[in-house]
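Letters are used for the chains, namely A, B, C and D, taken in the order the chains are written, and counting of residues starts over at 1 for each.
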Amino acid sequence: MNTCALTLAQQTSWLTKKIFGAPGASELARDSDSIFMWIFYFSLFWFILLMGLMIYWVIKYRRRPGVPIQRTPHHNTNLELAWTILPSLFLGYMFYIGFQGYIKQVIAPTNAEMIDVRGSKWMWTITYANGVNPPEMTEIGGNPQAPIIYIPVGRPVQFRMTSSDVLHSFWIPDFRFKQDLMPNRYSSFWIEAEAPGDHYLFCAEYCGDKHSEMSAIIRAIPADEYDALLQKWFDDSGNLTPVEAGKRLVESKGGCIACHSLTGAPGIGPTWLNAWGYEVPLTDGTTIPADDPDAWDNYIRESIINPAAKIRSGFAPVMTPFAGVFSEEELDSIVEYIKSLSDKAPAGEIPADDSPEQPES
Amino acid sequence: MSTIDAQTRVSDPAQPGWKRYKFADHFRNAEDEFDACKLGFWLFLATEVLLFSGLFCAYAMFRVKYPEAFAAGSHHLNVWYGGTNTLVLLASSFTVAMAIRCAQLNNQKWLRINLIITIICAFLFFFIKLNFEYIPKWGEGIRPGLLYSNPFAGDPMEPIWWSVYYAATGIHALHVLIGAGLLIWCLVRSFRTTQYGPTHYTMLENSGLYWHLVDVIWIFLFPLLYLIH
Amino acid sequence: MKAETAKTFDPNDPHGFAELGEHHGHHITSTKMLITVILILVALTGLTILTSEAETYLVKEMGWALPEWVNVAVAMSIALVKGAFVLLIFMALRYENPLYSIVFLFCMFAFALFLGLTGMDIDNRGHVYPWKVHAINAGGTGVNMNYPGGTIHVLGETITLPPTTYTGSLANHVKEVYIEQTGISEDEYHRRWAEANHIHEHHDTLSSPARSIARTGPSGALDEAVPGEHAQDAAHSPETNSGH
Amino acid sequence: MTTTTITDSGHDSHHDEGSYLTPHKGGAFATIIQWATTIDHKKIGMMYLFTVLGMFMLGGVAALLIRAELWEPTRILADGTITGQLFQSDSTSGYLTYNRLFTMHGAVMVFLVIVPGAPATLGNFLLPLMLGAKDVAFPRLNLLSWYIYVLGAAFAVMSLINTGADTGWTFYTPYSSSHAGNTYGNIVMMTTAAFILGFSSILTGLNFIVTIHKLRCPGMGWFDMPLFVWAMYATSIIQVLATPVIGITLLLLIFERVFHVGIFDPALGGDPILFQHFFWFYSHPVVYVMILPGMGIATELIAVHCRKPVFGYRAIAFASLGIAAVAFLVWGHHMFASMGELANAVFSALTFFVAIPTAVKVFNWIATLYKGSIALNTPMLYALSFLFLFLIGGLTGLPLATLATDMHLHDSYFVVAHFHYVMMGGTIIAFVGGVHHWWPKMTGKMYTEWVGIVGCLLVFIGFNVTFFTQFFLGLQGMPRRYASYIDEFQLLHQISTVGAFTLGLGFFIQLGNFIHSLIAGKKAPPNPWGGLSLEWYIESPPSEHNFHAEPILTHGPYDYEDVYPPHCDPADFPLPEPKPEGNAAH
């Protein structure tokens, strides 16, 4: 980065820290901060100069009865040209450093590890190069199912992003960069973490109801641990029961539990606890009959692929269709999992170690 | 150049409307009012052009990205209907220019005849558009947006081409109808009070300008929509 | 600051328009001029149709490879000349106050900026990553819009709308529904498709998007949608016709 | 040079007695009819003022509710959001109430308050007066544009009653076209409202351009117009050239929403970024429609209350036009996070060009203060607040134009703070200052000075507390349009909320001051501030016909060094020594 800007920023890193809350998490982020600080000092200079003059003159030339104004020139071409051209040069320089920094921010190193990101209302779905989705979750700002996205320390990571419904924006404040996700297009974002640690990820483009909760944690871990973790998830995914596989899918790849609670609590979508096998009224006046396993299996399948086909009474048709997201096998697993949450499920299908916490009511 | 003095106006009802016309009193003279109205109308025409600029822009962007879809869609349009419509609009543009000339020369009879021809052309344009283009296309399943049900799309992006086509020609057709309405209003006033004459024809001239603009926009829409390969 | 203007004040011309040439009065265009212009306009209309047909002939019958921009450049140049005639003579911009021309030019300036800067973005996405240029699925990802589907009645006709969700483009969905309903073979569909698109012979050698008359098959734009650079591409590629 | 020929030449046939505010002799009903069918620019300006004020209160209440919601980082899963509980919406609707509130705040404030605010109220009232004209060029069109405004406002309110739109005021597709809302009505209604309001805006702009071209009084050349008129001229050019594009954009959006034509919807192959280009091609220039009248008002306020000729008159006038021209080049900076790299670079470079004419204006305003005679009354305090806040707003625009820093700050609270400093600290503050300044002229009543000063200080302090904290929120990572947030941000959010309610109190005091002035205010003299532009030559409030005879201009609007202000005691406004004759020519 620009040396002048860097020196300035280093001299005053305490102020930078005060302003940004925390220092940038990568070299590029700190470059961005130093550009900001350069603009900050530039602005501060003009602000103090102009406001100082204003306040000084307002006090000095305040109106006194009987004292006339003094004649001054009505314009001064040289002065006006000077204060037009001089700041313009600074502005040109400002564009230049901003452009340089930006180009570094967007061009990922060729050895960057590619991670796929899919934004949908209102969750992030991450797919690593070996095809696994990170299964761990935490709570951020009201969202108890925010995924934890692991990235390796010291290795560049490039996110290739798209959206399945509306516009989203992938913003990691600690890395000082964001990029919009568009449906039917790819966009790119790359970072390189320097040290292990957690960073927030927010959706910065308004995407509807639970926009505020579309967040995640980016967790940087040492590269060898990261590789081992990915390998472990990959191995795990091979030997799961259908119910376990379904649980993992709805938590990570599908992100279903952002809207469908497992506890009977109301949400944007119907709760799954004791749903399967019960009679459910639909908005078109018909019902899904109770105790009809085939009707229920088909209803769940259809509602994943084409949610608007049958809308349960009292709910809005807001769900993103998941057609093409899950394979046939995965759909079966999800149906099995939802079935396992119901006390009407055929006996013996609920694995003892995997039953959800029963609600109080 | 004819400077009109306000004081020579007569209020005798036997006189034609253009002689009785009195300019609004916040203007200094009729000339000022005429200039103001015309400047205002040119500004309005600028807004109309920019309204269409959105459609031209959408057209250009999709054309650049999906030339094949546009070529495929354009092949469904009959160049002869489009060409006939172009000639109809050009002819009406000519007659409306003649009508203004007749007003300037106080030739009331030909003013009305020219206006009537223009209005007939306007409806002829609309009739050709509707009867030979919109209705058959609609029947073939070539419809805007989700209504699209033609199984023989030449390209995956062809429905977008039809959306642009319907939006552009639809809004243009709406302007044709508005222009026709303005001209009918001029005609009615001409018959009732002989409103337009050498010293006062502001409304007629502005309606004429509007009509020319509708023509100019079609002059560009025609090759863009019908002559693509 | 003032005073000079007040001395030479003329109540009928308070702004000194006469000196500035701002008053242009009423120009009466001659019939001869109007007729000349309309004849030119009709001739140009014929010319533009003629050139368009000639290009088609050259490409189809003579096998010339005319670049795509020729078609646009010729048609737009003729349209510009026609538009200029209408503006200058019929709309009398040539004789009137130049202020009106300035208004119109400003409007054209805004239009040019709109078109130019928008195009600069829309058509230049792939400088850093070529895979950002194209849509993932040509023709759209499939309808995903809380739309109830079903039937509606328009102009006395009952229309069946596609269901809320299908994958791939609307055009493809309509095609599949048609094949399913009629039960025709793929070959029969292609025959009917060629007929509907006025393609009587296959000019496979000409099916490049850079040329005029590029259309030979329904999959032209699909073939180049997304490069298969990464492992994940199989899931996104249009061949499987699935959005994620 | 020191006298004016603006006289009442006794054309009694022309004018009736009494001001334009005198009620109709036929009683209250006849007065209402008279106002509803008036083509008098002053009445239309007043009608605009009151409707805009009503809408400002609606948008302001929404703003306060937004700030109240953000008092706590509430979680819907726990006990529901504050606004949700307030409006008793069930917890399944999540943050919908909040989302609708900020949409309403944005749409109402932009389309119904700031865009028509200064041009249609003060512009309508003052433009013909400053030009020495009887009315605007097309008075009936002017009335029509007010009715269109009311119709648009009615649609916006209907959308609100019909559950309200939750798209944000930018209506980004595909959310607005295919995803937002459970009913079709609310979004289409809000879009229609904005579409209709566009017509109102176009008609006003067109009217003003023609008025300025054709109805300047004898003796008034282009460079003898007050700078407010120049600002209005630049504003009107943008209104005429940019507004039609939002018309077609919203029309296509309605098609998209109703027919799903697919132009903006990627599900059908369209391009959502194209919508953003369409939208911002209008909505960026319209930012200057908002700020230019504010700049014009500030120029007038500073000149009158400093009694100084504006430094660099031509520079300010051309800067207005320059801003209007550059306005059409820079819309892409709203889309840095979604455009391609080339477009980002070009738009970033172009964006810096806006800073140049803006900086020129600021320098000129400050230079005007030099060796003046500065009266620290309410309008001047507003003008000084404007300088302070607008300077911060302008300077914080720099990191947003710089690509490397904008990628962090885009769509964060930094942007929210920045545009509030410009839109509110700039436009609204100048507008309120302008209303104070011309209040005596408009109503014929004086307001209470000390209450005005107290209100101004409260607004100034409240504003800075509200929005300065938001710069830090944005820098630390708080995204826009969030109803709940991580706990780290709570302190700053609470400070901001306190500031917002202080700000609200300040405006409330101003409103009370105005109402008190209308009921029991002192009668205003024709020229309480010693102004020199033409509106101060006529009585307060003006008569129906503005000037009793056509005025003939003999001095510039800012010749405070040479001309005694009309209707004033010359002893109150002493002139400096006359200029030596040799330098008289400029």
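Here is the rule we use: a residue touches a chain if its C-beta (ideal position, glycine included) is under 8 Å from a C-beta of that chain, and two chains touch if they have at least 3 such contacts.
Small disclaimer: the values here were computed from a predicted structure and weren't measured.
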item	value
Least step count from chain A to chain D, where 1 means the two chains touch	1
Intersection of the contact lists for chain B and chain D	C
Most widely separated chain from chain B, with each centre as the mean of CA atoms	A
Chain pair bearing the highest count of C-beta contacts	A-D
Where chain A and chain B are represented by their mean Cα positions, the distance between them in whole Å	50
Averaged-CA centre spacing for the pair chain C and chain A, given as whole angstrom	37
Centre-to-centre distance between chain C and chain B (centres being mean Cα positions), rounded to whole Å	20
Residues within chain A bordering two or more other chains	106, 165, 183-185, 187, 317-318
Residues of chain C engaged with two or more neighbouring chains	11, 14, 99, 106-107, 110, 114, 118, 122, 128, 132, 135, 138-144, 146-147, 169-170
Per-residue multi-chain contacts in chain B, two or more chains	35, 39, 43, 46, 49-50, 53, 57, 61, 146-147, 156-157, 159-160
Pairs of chains, among all present, that meet the touch criterion	A-C, A-D, B-C, B-D, C-D
Chain A contact footprint on chain D (complex, rising order)	73-78, 90-96, 99, 166-168, 172, 174-175, 179-180, 182, 266-267, 269, 272-273, 306-315, 337-338, 341, 344-345, 348-349, 352, 355-356, 359-360, 362-364, 366, 369-376, 384, 387-388, 391-392, 395-396, 398-399, 401-408, 410-412, 472, 475-477, 479-488, 560-561, 571-572, 574-577, 579, 586
Residue ranges of chain A in contact with chain C within the complex	106-107, 114, 116, 118, 125, 127, 129, 131, 160, 162, 164-165, 183-188, 305-309, 317-318, 320-321, 323-325
Chain C partner contacts - residues on chain D that touch it in the complex	1, 5, 174, 177-179, 213, 216-221, 224, 237, 241-242, 245, 260, 262, 265-271, 273-274, 277-278, 281, 328-329, 331-332, 335, 339-343, 346-347, 552-556, 558-559, 586
Touch list for chain C against partner chain B, complex	11-12, 14, 23-26, 28-29, 31, 34-35, 37-38, 41-42, 45, 48-49, 52-53, 55-56, 59, 68, 71, 75-76, 78-79, 82-83, 86-87, 89-91, 96-97, 99-100, 103-104, 106-108, 110-111, 114-115, 118-119, 122-123, 138-140, 143, 147, 154-155, 159-162, 168-172, 174-175, 177-179, 189, 192-193, 196-198, 209, 212-215, 218, 220-222
Partner chain D, residues of chain A touching it in the complex	19-22, 29, 31-32, 35-36, 39-40, 42-43, 46-47, 50-51, 53-54, 57-58, 61-72, 74-76, 80, 83-84, 87-88, 91-92, 94-95, 97-103, 105-106, 121, 140-142, 144, 165-167, 169, 171, 173-174, 176-180, 182-185, 187, 200, 202-213, 215, 265-268, 315-318
